[in-house]
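Handing you this structure, nothing more for now.
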Amino acid sequence: MSLLTEISEMLQRGKAAEVKSLVQNALDEGTDPRVILEEGLLHGMGVIGEKFKNNEVYVPEVLIAARAMNAGSEILKPHLAGAGVEASGTVILGTVKGDLHDIGKNLVRMMMEGKGLEVIDLGVDVPPEKFLEAALERNADIIACSALLTTTMTEMKNVIETVAGEGHRDRFRIMVGGAPVTESFCKSVGADLYAPDASSAADAAVALCREKRAG
Amino acid sequence: MRFTELAIDDPTGLIFGTAPKPVTSGRGLTVGGGQVYPELNFTLPTMEVNARTYPEIKEIYRKTVDDVLTRAAALHVEGIVVEFETLLEMTLKPAYGIELTEILVEACERFSARYGMKAEVRLTPNDTRDYERPPRMRNSPYLENMLRLFDEGAKAGATFLSIESTGGKELHDEALVNCDIQGVVYALGVLGVRDMRFLWDQITKIANDRGVIAGGDTACGFANTAMVLAEKQYIPRVFSAVDRAASIPRSLVAYERGARGPDKDCGYEGVFLKAIAGVPISMEGKTAACAHASPVGNVSMAACDLWSNESVQAVHLLGGPAPVVSLEQLAYDVRLLNESIRTRQSLLLRDMLVGSDVSHDPQALILAPDSVIRIARAVVAAGDHLAATFAAVGTALEIIEEAVQDRRLRMDPREEVWVTMVREQLAEIPLNEDAFVEMMQGRIDSGKVLLEEYGL
Amino acid sequence: MRFTELAIDDPTGLIFGTAPKPVTSGRGLTVGGGQVYPELNFTLPTMEVNARTYPEIKEIYRKTVDDVLTRAAALHVEGIVVEFETLLEMTLKPAYGIELTEILVEACERFSARYGMKAEVRLTPNDTRDYERPPRMRNSPYLENMLRLFDEGAKAGATFLSIESTGGKELHDEALVNCDIQGVVYALGVLGVRDMRFLWDQITKIANDRGVIAGGDTACGFANTAMVLAEKQYIPRVFSAVDRAASIPRSLVAYERGARGPDKDCGYEGVFLKAIAGVPISMEGKTAACAHASPVGNVSMAACDLWSNESVQAVHLLGGPAPVVSLEQLAYDVRLLNESIRTRQSLLLRDMLVGSDVSHDPQALILAPDSVIRIARAVVAAGDHLAATFAAVGTALEIIEEAVQDRRLRMDPREEVWVTMVREQLAEIPLNEDAFVEMMQGRIDSGKVLLEEYGL
Amino acid sequence: MSLLTEISEMLQRGKAAEVKSLVQNALDEGTDPRVILEEGLLHGMGVIGEKFKNNEVYVPEVLIAARAMNAGSEILKPHLAGAGVEASGTVILGTVKGDLHDIGKNLVRMMMEGKGLEVIDLGVDVPPEKFLEAALERNADIIACSALLTTTMTEMKNVIETVAGEGHRDRFRIMVGGAPVTESFCKSVGADLYAPDASSAADAAVALCREKRAG
């Protein structure tokens, strides 16, 4: 088995310590850090993500793999920065104001990171201005809002209006999600994209970033 | 542990409509006294709650409760509980919650007088302490208004007081997605139990002072979150089943501190509380699909004294307002239960309800009367709440393992490994609170959980 | 009258899950063969149907049927019928109706293959002839596209063909609001019967040519309109009850002309057709409250072979899409029925379902198995459809009068005078079609009813 | 019993022939036709309408009373015209395009006529232009649209847009009703009033006309 395959496999099994040392080995052998990232870490998370989407693994298995990925990334990061590699996109993520639910949001973060996106997680109960502020500061591609309550999902509209009010609507793509959110709600508030679950949110975010950076 | 014996120690005695300790309201509605009644809950359509929208909100409550009770009268419903589960803003600003309670109470009184129907309001403020991270369970700035809503709502005529309190939830959420049974037992059996004692001493005092009835508390934010995650296939069903078992001692505390029931609908652990404390319970199942999917649509009906729709938004369906649709469905469900009681066939009907679900899911299996009595027995035999939580999880696991072995339970092969994993992790828990607190110390993120807010 | 004897002549034999003449689909779904299955119908949220919205409509159908079947699989549902009841525009422009049928069929095939579930589509084009006043039943410009949708829909894979045909409705609407039983008998027993013959000869031919199953026709526009008006207290409940009875011979015509069932959900007269023709039937009750209120929520379940939600808009509720909510409720209802069959307690459960409703409303009373067999016997004993309609109404009236006398039926005192009035008006009807047509001649507004379109 | 009371009573009992001859008697006695209308016919229909609202009588009883009222009105009409009496308001009523349900609409007409309004019933399947045309022609106060289908209720919006498009939105009050229609739908399409049943539709129409003619 090649070192990269081994990294991917160990990551899928959630073996953080092993992933760490294997990444170090690969670096020592002179493997391009970008290749380690793509064909090792992201490959492993891709497999797990796919399995999760197909209901073959549970969240705890994804979480443990994500922790292994983070362990590997820690080792890799300084080398990637040196190689001038940047994330394929930056996402500002948070649960909207008045809403303190974070299980779904955390899952989305994990899935997005597993796709190689940089995710700035603002946590829960995030006011509209904070979404915008962070997006400007990090020069983000996407603002992703989560809500679990029918009374707070209307806050998503406020986020969009705040971004638009400051004249930045064209600069960011805005995604919405959470149990009560629907495609038609997404349209009605003028968001760009609704994702029904964490996996498709990650897939959609990658596509949005690619499209945005291309166009 | 106050309860050391079972109020119902034979599975045959655990049945809908009858509880060892029925509760009677001022208007004469007896819950658990031989009949089942519907409990109807509705909430707003998707909208903001603020000073601008509040006049419209009042109109929605006014009109909806009238529509619901009109239909109830047309269907000859003889008794009903209308649950008012507040939204955040209605507890933050108790004046809203109080006035809406008044609106519901006025309608219940009017219809009771006009149709001889016994209609009562259950007031369920939401636990606003949870709207701050980390939550300050005992020193929350939100606590005062929350208790004020209980008090003034009782004064305004609410008959039953309930809550879905959240002590330990800040730890439990993470334990769930990690399938960490130690975290679950700690969150429910240590933190949850401690917070329940703190909170329910205050709620029962309010109820006693106002001459109303303390209804009880559900582990909705815990075990129902687990159930939802299991339905999405995010966590194994067996984990959700043992999480429900782990919530029993925690929810029992309300009755140890003086609550009398009926326990609130969304606590599927209610059946265990009925067996242990003898209190009447509200349950929800298939007719609450408007609020959430579940694997326990029929079995949950087996021992209910009130039968509920959990919650439905006041939106319009082809058949009319969705709350009226729910009422109609509940009324017919309840008619069937009561007809079986009238014709002395209730045990047969109960067994059909149970039998129809138990082979499909471990969460249904542990709600079967046999399982309930067995788990409840383990709970009351334990010396304290931690041991009881441990025993409940262990016994639930045993029941599930036996059923899988005997092929009485369909289980996804992916689930099997988790049975073993839970059993192994469980075995590591020391049955002494101090030792357990010590053991968990290193794993608690003090930025997320404030142990001192639990007296630790 | 083709049927001169009852297929089920003992009330004990009239029970859910089993029909004397079960029907089996291509994928092996047997309706009436010992098990009950859910029938799920959904429709669009409030929106226009046109070329601009059509792409979105397709997406709604595609996504909704997937969501519904996903939940059905999760609940281990083994068989299901998805009913597609078209909206006007989908029949006017059959290309829409056909493509939407294809979408539903594809999903049914995919889920059947993946989960071993037996999922079938029932196609119910609406009777577009009614979209013109006065309607031209035989020479309608709309007839061709309507029949084309049946044909191409069957070709596209629909398993069952049904309709709620409207022959006589243009007269019946007015008869209803005037509580004119002579008008009712004329509309159903003369005009309706004649139009059913005309229409069902064509539908059964299409079904036979395409190798699919002709399901049957309901008097929805007649007796369900009556039920809705009675629920609003616009007309007496007893009038709605006898209107249902009057619809039996009319709906029976489909089976005389070769339909095989399952009869469509919204025809509560289905129980009579099952007793007479032995065909399996779909019924709806409490779980169809999303579509309309009814006084027959439980009793309607007593003899169903499919159990339906009638129709629900694809809107979002807290628990998810409303069609998925309906599916979940139906699935649990059906689990209970099938569990009672498995444990050989089905007759007991049936009697509880019946007993829970019959004392509350005459419309429920006449659906009780005893009443059904008695009325059905009067129908098959009559010489022709007019006499049968007359006999059905008369027998239903007798049953109601007896129950009121024996205090087995709660009846609003306001209703009593109507029992007498209906009996008196009924007695004036000559039991000879020519004479009856002659008698009604002066009362028919030729601007509203074209008798020549009924061959008169 | 006074003649007027007798007219009202006979009307309530649906005795058309009796009402007819009593109205004639009253005219012969020289009673002011306006008084016969108000205190005889409309009074009787008012009682029946109230009873119907309170679920004390059924529709057939209301229908028969309405027929008696029409019989009486036939006699009275020429005299009213002579006295320069006009209806308290004019309503254009119809079921919208694509919808052929008329039970509810007919009930509304009856209730409105019972309140002394003049109702122009356009029937069923009425296109937007026809509503406007009739309203202009009859110088109506109110356009009232009925729909029973969720797919046709959206036609109400077209009626309102047609009226507004021709610049007549301020001239007419627009009412909507029918099983699927709700208060919030009424608002969303910009109608002036939603009535949940026939009785309240009639009450509301009278109030709207009064308000409109006053203001």
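Every chain is named by a letter (A, B, C and D) in the order it is written, and numbering of its residues begins at 1.
Following the convention adopted for this analysis, a residue touches a chain if its C-beta (ideal position, glycine included) is under 8 Å from a C-beta of that chain, and two chains touch if they have at least 3 such contacts.
Owing to the predicted nature of the structure, the values given are computational and were not obtained by experimental measurement.
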| item | value |
| --- | --- |
| Touching both subunit A and subunit D (chains) | B, C |
| Chain whose average C-alpha position is farthest from subunit A's own | D |
| Interchain centroid distance [CA atoms averaged], subunit C/subunit D, Å | 35 |
| Geometric centre distance via CA averages, subunit D-subunit B, whole Å | 51 |
| Where subunit C touches two or more other chains at once, by residue number | 43, 45, 313, 318 |
| Of all residues in subunit A, the ones touching two or more other chains | 150, 180, 185 |
| Touch-based graph of the chains, sorted into line, ring, star, complete or other | other |
| Full enumeration of touching chain pairs | A-B, A-C, B-C, B-D, C-D |
| Complex interface listing, subunit C residues touching subunit A | 45, 316, 318 |
| Residues of subunit A touching subunit B in the complex | 55-56, 58-60, 63, 98, 100, 102-103, 106-107, 123-125, 149-151, 153-154, 180, 185, 197 |
| List of subunit C residues in touch with subunit B within their complex | 43, 71, 74-76, 231, 285-295, 297-298, 311-313, 315, 317-320, 322, 324-326, 328-329, 331-333, 335-336, 338-340, 342-343, 345, 348-349, 351-353, 355-357, 360, 410 |
| Residues on subunit D engaged by subunit B in the complex (per definition of touch) | 150, 180, 182, 184-185 |
| For the subunit B and subunit A complex, residues of the former touching the latter | 43-49, 87-89, 130-131, 133, 173, 176-180, 225, 229, 232-236, 313, 414, 418 |
